[in-house]
Structure formats: C-alpha cells, structure tokens
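Two complexes, one shared chain (chain A), two partners (chain B, chain C).
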Partner chain A sequence: MVVSERRLSLPNNPITGIVLAIPAYFFGVWLGTLFGLIDDQNTGVILGYLFATVAFLAGVGFLNYPLERLFGWRVTPISDPAENRGIGRFLRLSLDHKVIGLQYLVTILLMLLLGGIGAMLIRTSLLVPDASITPPGNYIPLIGLHSVMMIFITSAVIVGPFGNYLVPLMIGARRMAFPRLEALSFWVVPPAAVILAAATFWGGFPTGWTGYPPLSEQASQGMDSYIVGFTLIAVALVTSAVNMLATIIGLRAPGMTWTRLPMFVWGIFTTSILGLLAAPVLAAALVMLAMDRSLNTSFFLASNGGSNYLWENLFWFFGHPEVYIFILPAFGIIMEIVPHFARKPLWGYRTGVVGLFGVALLSWFVWQHHLFVSGIAPVLRPFYMLSTELISIPTGIIFLVTLGTLWRARVWFTVPMLFCLGFLFNFLIGGISGVFLSDVPTDVTLHGSYFSMAHFHYTIMGGEIFALMAAAYYWLPKMTGKMLSPTIGRVHFWTMFLAFNSTFFPLFIVGLLNMPRRVSTYDPALVGLNRWVTVSAYVLFGSMVLFAANLIYSWFFVSRPALANPWHARSLEWQVPTPVPARNFDRVPVIVAGPYDYGIPNARPVADLGGIVGVTGGG
Partner chain B sequence: MAAFHIEEADRPHMVRLLIIWVILSAIGIVAVLQINYPPYDESIQGQDQASTLKLLTALATPVFIGVVMMILYSAIYFRRTTPELVDGPPMLGNTPIQIAWVTISAILVLFLAVVGIATLSSENVAQLVGAPGRSIGGGQTGSGTTGEENKEIHVQVIAQQWYFTYRYPDYGGVETTHLYLPVNHPVELHVTSLDVIHSFWAYQLGVKADANPGVDNIFHVTPQKTGGFQVRCSELCGLWHGHMVDSEGQVVSQSDFDTWIAQQQTDFETIAKAVPSYAPYYFPLPLTKGS
Partner chain C sequence: MAVRTRVEAAADAEALLDTRLVAIGTWLFLGAEIFFFAAWWFAFFYLRAQDNNQAWKAQGVGPPSKGYGTAVMILAIGMAFSYVIAAGQPARTLWFRIFTPMALVYGIATCLFQGYEMWHLGFGLTQGGYASVFAGLSGSWLIQVLLATGWLASIVMQTGPAGDTIARRKPAGSFGWILLFLAAVGVINYVLLYFVA
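What follows is the complex of A and B.
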C-alpha cells in the first residue's frame, strides 16, 4: 500500500482550536439565521456553538487521525509519553491517561472556583430579604449558572481526574482501552464550560438546572448554552463510561480477579454503567428541546399537543441515576481509603460490592419521586415511595462495611481519613433527610423548599466533595509527586467540616419554615437564619481557598517530594515508583493477593512486579 | 444462637455502645417529640403531614445517633496509640451480622413504606366512599364525591406569570384574586396553568400542587381552623417567581364565606363577558410559543 507523504501541517494546540472556533461560531450563526424556521437566533446560536466545538476539537488535533486514515496520508504519531516530559504536554492533546487525569484535575478545579464564586454571590444576595442586592433579573441567571456548572463538575470531578489516572494503575494496565476516546471525554469539557458561561452574554437562562419547558422554550438565547453545554457533558459521560467499562473488563492484569479489584475501581465500574445508560436519555431530551426552540416542533408544548410531562420524565429518568453517578465513585473512595488507614481488611468485600450494585440497580426505579406533586400518575406514587426508601438498604450496606472495617482497628488519623469520617457524618444526614423527601405526605410540604436544597447539598457537597478531598490528600502525592501539607490539611478539614454543617443544617429549618428554593425575596422573619448561613458559607469558601493554597504551597513553594508509598498501603498503585513511569509498569504485573490483606499472617505482596522493588505494607 | 457468637474482645465495646445508644436515643426521641412540626394543623392534610414528619424524625433519631456514635467511638477507641504502624486484627466480615443489619434496615424501610402507603390509601378510600376528604392528591381524575352534607367545594386555581387567580364553578364560575375557603368543608382544588409550570403552595394548608398548562391537577384539602394562609409559587417560573406570593388567603366561617362569595359574584358580573367561561383548562391565544 502506498502511503502518501502529504500530511496535515496545522500546529495542534488549544490556541489553534480557539482561532478556528471563533470563525466557525459566526459561520454557524450565519447559517442558522439563513435557514432558521423561527424568526430568532436560536438556530444560529445552537449551530454556532456546535460548529465552534467541532472546530476547537479539530484544532486540538482530533480530526488528524480520522482524516489521515480516510485519505491515506501518513499517520502522525502522537508523541510517545516517554519522550514528552515537558510542562507543554499538559497543554496539548495527549493520549497518556496520567496527563489526561491531571488536565482534568486543573480544569475542574478552575470550574469549581467559578461555581463557588456563584454560590458566594447567591448567598450575598440572600443577606437581605428584599432582592435589593441582586434584582431577580440577575439572581435567576446566577442560580442557573451555579447549578449547571456544579452539575458539570460533580459529574466528572472524581471519574475525570482520579478515574482516568488511577484505574489503569490499580488494575495493572499501561493505558486505557480507548485512549483517543479518553482524550475526547476531557477535551469536550472546556468547550462545555465556556459555552455555559457564554449564556451570561445573552442574559443567562431562567430555569435552573432542570430546564423545565415551557419556561425553557420561552427563554432567550441563553437557554441554547444550557442545551449545547449539557449535551457536551452527556458526550463526556458516555465516552468516559464506555472507556472505563472496556478498560476494567478487558485490561486487568493477570491475577486481577473480580474479587481482588480495588473498591475504587468497583465504584468507577458501577457509575460507568449508570453513565452509559443515563446520559443518552438526557441527550435525546436536549435534542427535542433544541428542536422545539429552533425547528418549531412541539414535543413539550401543551398548547400544540405536546406535554411538559414528557420532559419531566425524560429529564429525571436521567437526573436520578445522575446523582448516583456522583456518589458511587465517592462510596468507592471511602471503602478504598478506610482499610488502608484502619490497617484492616475491608470488612465484607463482597457485601460492599453488592451494596454498590444495589444502589446502581435501584436508581433506575425511583425517578418519579421528583414528581410527587406534579400530577403525574397518582396511583404510582406508593411504588416510587417504596423504591426510593429501598435504596437506603444498599446505602446502609456501605455504612456497615465501612464501620465494620473501623471496628477494633488501629486507625491512623491522616487527613484523608478525617475526610472519610466527615463523609460518613454528612452523608448520614443527607441520606436520612432523603427518606423525609421520599415519603409522599411530607414531600408535599418539603418539595421545592430549602429542605430539599439542603438535602442534596448534604449528599453532593458533604458526600461527594468530602470524598473528593479524601482522594486528593490520599492520591495527589502519587499523581503530582508532592505531599500536601498535613497541617494545612487538618485546618482545612476542620474549617470545611464545621462551616459546611453550619451552612447547610440551618437550611433544613429554613425549608421547613416555608422558604422556597430559587427566590431572592423571602419572609423577613427568616433573615437571621439566612445571615448566619451566608456567613458560614463565606467561611466554607475560605476553607476551599485554604485547599487551593495548600495545593499551590506544596506544588510550587515547598518541595516535599512524595515517597513511592507514603501511606505504606498494599494496593497496586502505590507499588510503582513516584513519579509514575511513562509506561506505568516495566512488564505486566502478576497479581497474587488482594489489596486489603492487612494483618493476615504470611500475606503475600499484592503483585509480582518483576524487577521494581516496591514497598509493601502489612505482612 | 451459635451463628451470633460474639468474640470476647468485642463484648466490652458492644455493651458500652449499647448502653450509651439506648440512653441517648431515649433522650433524643423525647426531645424531638416536643417540637411542634410544620405545617401545623390548619387543615386535616397539614396535620397529617406534621404527624408523619414527627414519626419520621422520631424513627431517624436512633439511627442517626447509632451511626454517629459508631463513628465517634471508632475515632476515640480504635485510634492507633503506638508511634509505628501496626495492623489490626484481620476480620474479613461476619455474615450473620451483615444479614442482621440488612434485615433490620429492610424492616425499618418496609415499615415506613407501609405507613406511607396506608396513609395514602386511607385517604383514597375515604375519598371514594365520600367521607370528608383526607386525600392529598387525586391527580387528573375527579373525586365523584357523593352526599349532600359534605359535598366538596370545587375551586380552580389558575396560575400564570406571575399571579394566581381562583374560579368557583359551584358559584357560576366566579373568578377572584384571593382564595377564600369555608372552614370544615372539603375542597377539591383543580390546579392548572396558562403558560409555564408553576406550583401552587399553600403552606399552612399543607397543599402543594404543580400547575401545568393543559392539565387539570387535582388536590384535596379540608381546612379545620379559621385564619389566614399564604399562597406562593414553588416552581421556578421566570423573572418574578419570587414575587408570586399572596398572603391574603383566608379560611373563614361558612356564613362569612357565603357573604364573601355573594359579593364576588356581584363584582364579577361586570367583567364576566370578557372572561372565558369556566373550563377544566384554558389555552391562551395565540397558540404559538413565545420566544
């Protein structure tokens, strides 16, 4: 076969991507205005965002490989990770799972900063009961941006950085199954964040993260940012999920049997099943919404024969598994980290895995508990009440396994361990308040109030973000080669834990006292509680600044190089040197024991690494 | 039972935990039972919700205290005391304890579900036989209430950006800007919307019902005390969602209600021709979407 010498000679980096994206956006707008059926700019804006995204991805280098194969040009090799050690590799398309993990980490932390600033603005506005700080025209777009930005972040904040970096290391693989897909799942996130933020130029969108029509069809062009941005996140979820599943099923090292798989990998595995099946439903619903807004269809408009119930069903059919997409990796992190610091085997490994699968399975049968007062199918309300309450059984199993692991342990109180215990406390409150919302009679009062808002912040922020912090203090030494300061870490934990509870617990009471979500004006009687919450929220934001300071301090100002295995953990990812070699393992490791066999007499090291002398704890 | 053999080393911990748990739970349950739970007792439905809330809180208290105690106890007593790393006892699990945990949580959950379903179905049965309405939600089907004594008053709640109006089909379809209800009289609320999704929330009455365009969403309420209540929207509906509040709802005596509705009918006659006649739901013209 004759290989042509021709090749694409465009420099592939994000700058090229941005340079291409800007004209592509205006081309899309022009095209949409030309063919748009409704006399507005929705068609143009949607096309503009899509064209800009594709152009950005092309500029980054995603089209090279398919075009080269299509036209028979010479295939440009993506440089070997071993020959590419500079800081520049983080700024370009890379197929190395370790680089992608760190790219994800920095991107998502920046997005988290944006979402957090949004939260601070919201709380500032609520210092007064009469919208005099933020008029509704600013407040409602603000909550929309905060909520959707945070949903983007929480969908990917564990699977993106830690899943991509650690799953191959933990299962003894050299790469992910589909490296290009892995890179794609990262590179659609920055455009999604930019497109979402671009809603500001159109005055934002008025619907919050639920995007209920007909309000979302009445909305201005800001809504198109929601549609396209969310679709890109759905793409990231699906590509990441299919890749994780293929990797975990197909690339496990010899001896890495299903019963030796680390719990974190199980968490990623179950969450990927949910992502793979749920995100397409969201994408389909968003396409229908985009068609309603641009092509004059009427899927969701009652006046033309559609129904807003269709959106509510599709959205929550995605939306409820979505919240378990957030929390399953967090469960995995907790069950992974606790045995290493309790210095005990996981108490009931198989039970824990059953718990994860139980949550994943039941999450498909509960979505209408978001719609108890909507008027949909009253006869089904008892069923959804029962199925929702049943989820507390597998969730209870996660608690049982963790508490059993702590029983008569020799707990080493490191910062990650503190965050694990903080997770247990917060998620307990989050879970119990969920039972209040699942009961139909009480939900009539609590639905749509600050009670439900406090509930999901307890599960997502108190749960997932606390697990994220545990993961950061535990694994970042391996990922960056630098230890984080444990002193700042302890101050960070206690500030964050106390400020978090002081912020969100009063909101349960505020909700019970008749304050609905998403309003900038409220009963003046509640002003005292709201001010207390706002001040606590400022402290909570301060604790996150402390975390950022710890990262910057440890990375750039103090060189505390991390040992290969600072925690003396048994599991496989700690047996490779730090920094992790470009190809992870010199040769494929042979797994000979489970990761949590602490205190078992004559326990073997977890793997035969062939040459690399790792540090194995326990024994 | 041999399966529940408890190791010697576990016994002192378990006894200690059990004693503290029983004492703290008892104190906790007594404490949470003292609270006056919203939405209080202005209507039968609100009272049902308040008592369910009380039951759930009382049940949640021992669970919460138990788990928090386990966390704290582990943090205090199972902390490593030696400077060097030591491994704990290799406990791989205990099937009987795990089965017991799952069974207990399943019993708790099923108990809650049975209580919830019983509450719901007793309401539905009460509604079918025409007893004074205890039902909180009937969905999109009417009640078919029988009996002259307790014939339900029908009230249509019409939501639009950004206020509620009310129509009384039993009184010639009169439309009012505030909601007045007679005390001790079952009311069937028909909630609908003219534009986007709203949610009719009468906090003190224990009613929350989404207002969907083109849908007749039916909820029931029986006020049992006279007094004011607040109506507000609890589903984000656009710019002035936060201002969609009306604090002038009133539960009044039957005679006051009759006087009031007669006055409303007189007032309404002047504008009746301009208002569409009563219907389950309305589609405002033009039928195209806004943008």
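What follows is the complex of A and C.
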C-alpha cells in the first residue's frame, strides 16, 4: 500500500475549535430532540455538550493523528519543542510538557478566580440571616457551581501546572511518556469549565458537587452540565494519570532509583494511582445518571428497581479517594520543600513514602463514612469508622517526617517555607477535626453542619492551597524565569494565613451551634459570627488578589530574572538552566546521589549532567 | 555485521523505549478499565440483590435472544484472537496482513450484531433495573469495542511499507491486550446478563 502524502489542512487552534464547537452543539441538541425518549431537553443538551467538546478538540488538532492514521495518510508530526518558541505556543496544541504546565497554570488560576467569586457571593448572602440577598433558588445553584468548580480546580491545581512541568525535570527525562495524552488532559479543561459555567443559563444544579438522586434526576438541564463537565474531569484525571505513571515508571534517568525519587514525584505517583482507578467509577456513575435523565432508565429510581444508594456508593467510592487526590501532591510538596529550607536531609525518607502509600491504600476503604447519616447498615458502621480513623496514622507519619526534618534545623524562613509551615498548622486542625467526623455519633450530629464544612476547607484550602502557594513561590522562578517579590510574598502569606483562620475557625463554632450548611438562612443569634466570617473571607479574597498582583508586578513591572538555582537546592530541576532548554537536558543525566543530602560533608552532586547519549528508561 | 551509527543506535533506543512505554501505558489503561466495568458489575449485583419494589425484572422482562448474545461474544473473541495472532507474526509477513483485516471484520460484525440486538431487546429501557443495567453495560462495552474497531481500522490502513504499525510492531502488539480485555469483559457480561440475571 502506498501511503498518501495528503494532510488534514484545517488550521488548528482554539479559535477553530470554538468555531466548530458552536454548530456542533446545536447539531447535538437537534439530534437529541429528534431521538430523545423523554419529552424534555436533557438528551439534546447532553449530546450538544458532547458534540461541542469533540468538535473543539478536533479544532485544536486532536483528531488529526487518529484520522490521518485511519485514512492511511502519513501522520503529521507536531512541531519539535526546540522549534516551538514565542507566546503563540501557549495558545495552541503543544506536546512540550513545559508549555502544557504553563497552560494549566494560567487556566487554573482563572478558574480559581471564578470559584473564589462564587465563594464571595455565598458569604455576601450570609451577611444577613434571612434570604433577602440571595433567594434559596439562587443560593443552592451558587453552592453547586462553587463546589464543583473548586473540586475540579483542586483535582488539577498541583498535578496540572507543577506535575506536568516538573516531573520530567525531576526524574531526568527529556519528555513525557505520552505527550498527546498529556495535552488532552489539559485541553478538556476549558470545555469542562465552560460547560459547568453554562449550567447557570439552565438554572444551575441544586445538588452541590455530590449530585445525589433523586434530586439530580428531577433537576433542570443545569444538571446535564454537571454530568458532562464532571465526565470531562474524569477523562482529564485518567489521561493525566496514565501519562504521569508511565513517565515515572519508564522514563527515569539511569541512577534515579525508586529510593532517590523526589518526594514531590512520589506525591504525584500516588495521586495518579488514585486518579487512574477512582475516576472511571465516577464516569460509570455519570453515564448511569445521564441514562436515567435522558433515556428514562432507572438506575437510581427505587420505585422502578433502582436505588439511590447505588449512586451514593459509586460516587463516594470515587469521592473519598478524590480527597486524597487533592492532598497527596500537597504532602509531596511539603516534604520536598521543607528539607531545602531546613538545610537538613529529609528525616525518614522511606517512612514518608510509606506514609503516602498508606494514605493512598486506606483511602479505598473509607468511603461509606459519607453514608453514616443516609442509612448505612448499622453493622457496617464500626468498620468504616475504624478504617477512617486508621488513615490518621499514615497522615501522622507524614507529619512526623516533616517535623523531624525541622527538628533543630536552622530554617530559612523564605516565602515558600512560610507557606509550608502554614500548611502544617492548618492541616493539623483539618486533620484533627476529621477524626471527630469519622466517629459515628459525632458525625451523625455534625455532618450537615458548618463543622463539616470548616473541616474540609481546612484540609483543602488550608492544606492544598497553602501547599500550592508554597509550590508557586518555590518553582515559578524556574518555570517563568522571573523571581516573585519576597516582600509582597510575605505580606501575602500573613494576610492569607490570618484571614484563612479567621474565616474558617469560627465556622467550627457555628457548626457546633447547629448552623446547617447549604441553607441560605440561619438563626439570627449567629449573625455576629457570620458577619465576622464574611469580612474575613473578603480579606482572604484580597490576599489572593495580592498574589495575583505579585505575579503581575514581578513579571511585567520589575522583571527580576531568576537565577538557575536561586534557593541553592540540590534536586535535579534546579541543576538545569533557566529558562529550561527545549529538551530539558543536553544528554540524559546520570543520577549519583539523593536530592536531600543537605548538610552532609562531602555530599556528592545529585547528578552527572554530562550523562550518556540517547534515551535510557528505567532506573 | 554492518556498523551502526550513533544516530541509528539512538533511534533504536528510542523505538525500544516507546515499546516499553506503550506496554506500561496499556496495562495502566486496563487498570482504569477494570474499575470502569467493575462499577457496572457492582450496579448489576447491587440492584439485583435489592430488587426494590420487585422491579429488578419487571413482568415479561428477561434476557434477550441468547443466540445474539452468543454470536456477539464469539465475534468479540474472534476479533481479539485474530489480532493477537497477527501481532505475534514477524514484521511485514503475509499472515500479519491477513489476520489484521480479519480481526477488523470480526470487530465490525461484533458492533453490528450488538447494535442490532440492542435495537431489538424485546423490552423497554424503562422496565426496571435489569433493563437499565443491560442497556448501560452493553452500551458502554459496545462504544469501547467501536472505538477499538476504529483503531484497528487505522492499523489496517497503516499496514503499508511506510505505516508505523510495522515499524512499531510491539506497541501495536500491546493493543492486542486491549482487545483481549474487551473480549473477556464481553464474556463476563454475557454470563451475567444472560445466565446470572
């Protein structure tokens, strides 16, 4: 067979994607209306979103490779990272992991802003104890949009920008294992965000991020945004996980043994295992929900042979590992950064890795604690209570490893280190309050209250977002070539740390006083505390604006070029020049020592960057 | 023996690495697939055990024609094994070029039979838990077989001298595991939906 020299000649960029997506959406709606089994628009909306997403991805260029193969044409290579320079590379499909990392960074920060605005609207509504500012019909969709958007962001906020950019650099690889999958994991994010935001035009979704039936079956077409948007999140999680795991397993430089792997890479590794295995369960559950809403099946309809508990089981089988998908990379960041600024070897490296795996493993055995108040068989309660409490042991181990590293250290109190210390303080409160909620009697009392809400905000925002900030101040100089202002950074840290605790700690109290979450009205006796919290929340939002201002000020006004290794760190990513060369390393490096040998006399450099010619996988 | 240049050696190393990465990626993907189908199998057993409102199988609802189910299963197995045989052949042999299109024909037939069966189930999707699980499980499997068949078609189309399937035969071989996995899921579904239900 003679292979044709023909090419798909469509200009591939997001504009083409949008141009294709709009008619594809209307085509999907039309098709759904034509074949929809139920006399409403669910089928059309779901098909419209799906068609639009595929068309957008086609416009960006994702279908070129499979279609050219299918037509028997020669496959068009995507341009070499070395030739791919300029700002335009960030606006089109790129297979360079560094470009994808920065694409993720900007997108996620914009989404974080959107989710944050949602939080401000919620808190504004709670300035008064009645529903005069936001009627219940608007308040619930606002909660739903804020929660799903934030869950979406926090799933990707570390793995997306920092995992994609840094993992190959940290393991001595010149590329990712599957750059197309890596790019796909990013390019499904914008359509997912648009689809989720589009729920607003359909009245939002009233279920929060948990999507419980029967409410999710009865809800308006906003729920279809939830289904398709969340499915795309699952796709992003799986594709990202396959790529990350294959890269870490197969592309480590010679000498990068498992016991020399940086802790951040271990964090990405364990979180990827969870994403790989948990997200497909969510995808299956969402297909069932879509079928119930559009084809009138009855997976979750008890009167017709279904069960809403089926959703609760499937959702939380995904949902609880999802919580650790957030936090494991954050643990990795903390254990990565603390030794650098403590100028001491990481205390208990292997114990820390065991802690990460312990958390990852146990996270599969705890999901039913979310069902304590919704009718779980009483005989099962003790098992899930104990398994949930057990998870505090590996988490405690990670804390001990970090505190052991800090013990008698001469700490450099840089901005990243301040955020690491802030993480430890916040996550301790979040973790301890979690032990209360794993206990059946306490959970039955507090589950629906602000206590629970304060707990998970302490772990996710106080934990993951503080770790994110540590990572941003630590690694952005390498990623962008510009140092961030340490003065603004310190002001940012203290404002954020104080405002965060001032916002969320009082919520434990209002929770204990039985203020229910997801309700727009509350007991007028709690108005004082709520106003305090709302004002604190505004300050917290202001601290994030300060971060954005620091980025803009440092990148565009001061523009202080970053040195190759401004922190005098040992790990491999700091041994390459800034900006990082197109192929990361001239030659594959040979790793000769661990990354945390600080303060050890005559410690060997971490790698021989002269390396060897060619490509070598494995450790 | 001809002396190889450094560039040739590097290209060989790159190809070898690609092979290893695709094999790793395939096994990881199959791990995700197991959890995806396990969710459906959980739904099957959960709803069957609960039998809420005695509506697991509404009156008159039962497994559709076993003949169609058997045919679909056999065709899926045929697709997987034809391709596995093809992928095991030395590069550019006649057998590779015979068995790969044969696998494609089996794949297309699998999709057509499963699609036809789903169009003529003999019960409506609204008729209880079994009908829901049948449609969802078979439909999810069908979509994946359809996508795999599309990829198979691209392999057939690339079987020419410049196609990458021959040059990268081992990565193509990893695809055989995906087809075997889908065939195995087809067998499990068959047993569950036609006999256990």
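What to note about this one:
The criterion applied here is as follows: the second predicted complex is superposed on the first by the 608 of 619 C-alpha atoms of A that agree within 3 Å, B and C clash if a C-alpha of one lies under 4 Å from a C-alpha of the other, contacts with A are read in each partner's own complex, and residues count from 1 in each chain.
Following the convention adopted for this analysis, a contact is a pair of C-beta atoms (placed from the backbone, for glycine too) under 8 Å apart; a residue touches a chain by one contact, two chains touch by 3 or more.
Everything quoted here is computed from the prediction, not taken from an experiment.
By the touch criterion stated above, A:403 is placed in contact with chain B alone, chain C being left untouched. When the two complexes are overlaid on their common chain A, residue A:72 makes contact with chain C while staying clear of chain B. When the two complexes are superposed, the chain touching more residues of chain A, out of chain B and chain C, is B. Of the two partner chains placed by superposition, chain B and chain C are both touched by A:304. In the overlay built on the shared chain, the residue A:606 is in contact with neither chain B nor chain C. Contacts of A:598 after superposition: chain B is touched, whereas chain C is not reached.
Once the two complexes are laid over each other on the shared chain, residue contacts for A:289 go to neither chain B nor chain C. In the superposed model, A:313 lies in contact with chain C only, and not with chain B.
Looking at the shared chain after the overlay, A:246 reaches chain C, while chain B stays out of its contact range.
Chain A residues in contact with chain B (one complex) as well as with chain C (other complex) are 292, 298, 302-304, 307, 309, 617-618. The touching residues of chain A, when paired with chain B in their complex, are 38, 40, 42, 131, 136-137, 139-140, 206-208, 210, 212-215, 217-218, 220, 292-293, 298, 301-304, 307-309, 342-345, 347-351, 372-379, 381-382, 385-386, 389-390, 392-393, 396-397, 399-400, 403-404, 406-413, 421, 424-425, 428-429, 432, 435-436, 439-442, 444-445, 447-449, 512-514, 516-522, 568, 597-601, 617-618. Residues of chain B touching chain A in their complex: 9-10, 13, 37-39, 45-46, 48-49, 52-53, 56, 60, 63-64, 67-68, 70-71, 74-75, 78-80, 82, 85-94, 97-98, 101-102, 105-106, 109, 112-113, 116-117, 119-121, 136-140, 191, 195-197, 199, 201, 203, 206-210, 212-215, 217-218, 230, 232-243, 283-284, 287, 289-291. Across the complex, chain C is touched by residues 1-3, 37, 66, 69-72, 74-75, 177-178, 181, 238, 241-243, 245-246, 249-251, 276-281, 283-285, 287-288, 291-292, 295-299, 302-307, 309-310, 313-314, 317, 613-618 of chain A. By the touch rule above, chain C contacts chain A in their complex via residues 6, 9-10, 13-14, 17, 20-21, 24-25, 28-29, 31-33, 35-40, 42-43, 46-47, 50-53, 55-58, 125-126, 128-133, 135-136, 140, 150-151, 153-155, 157-164.
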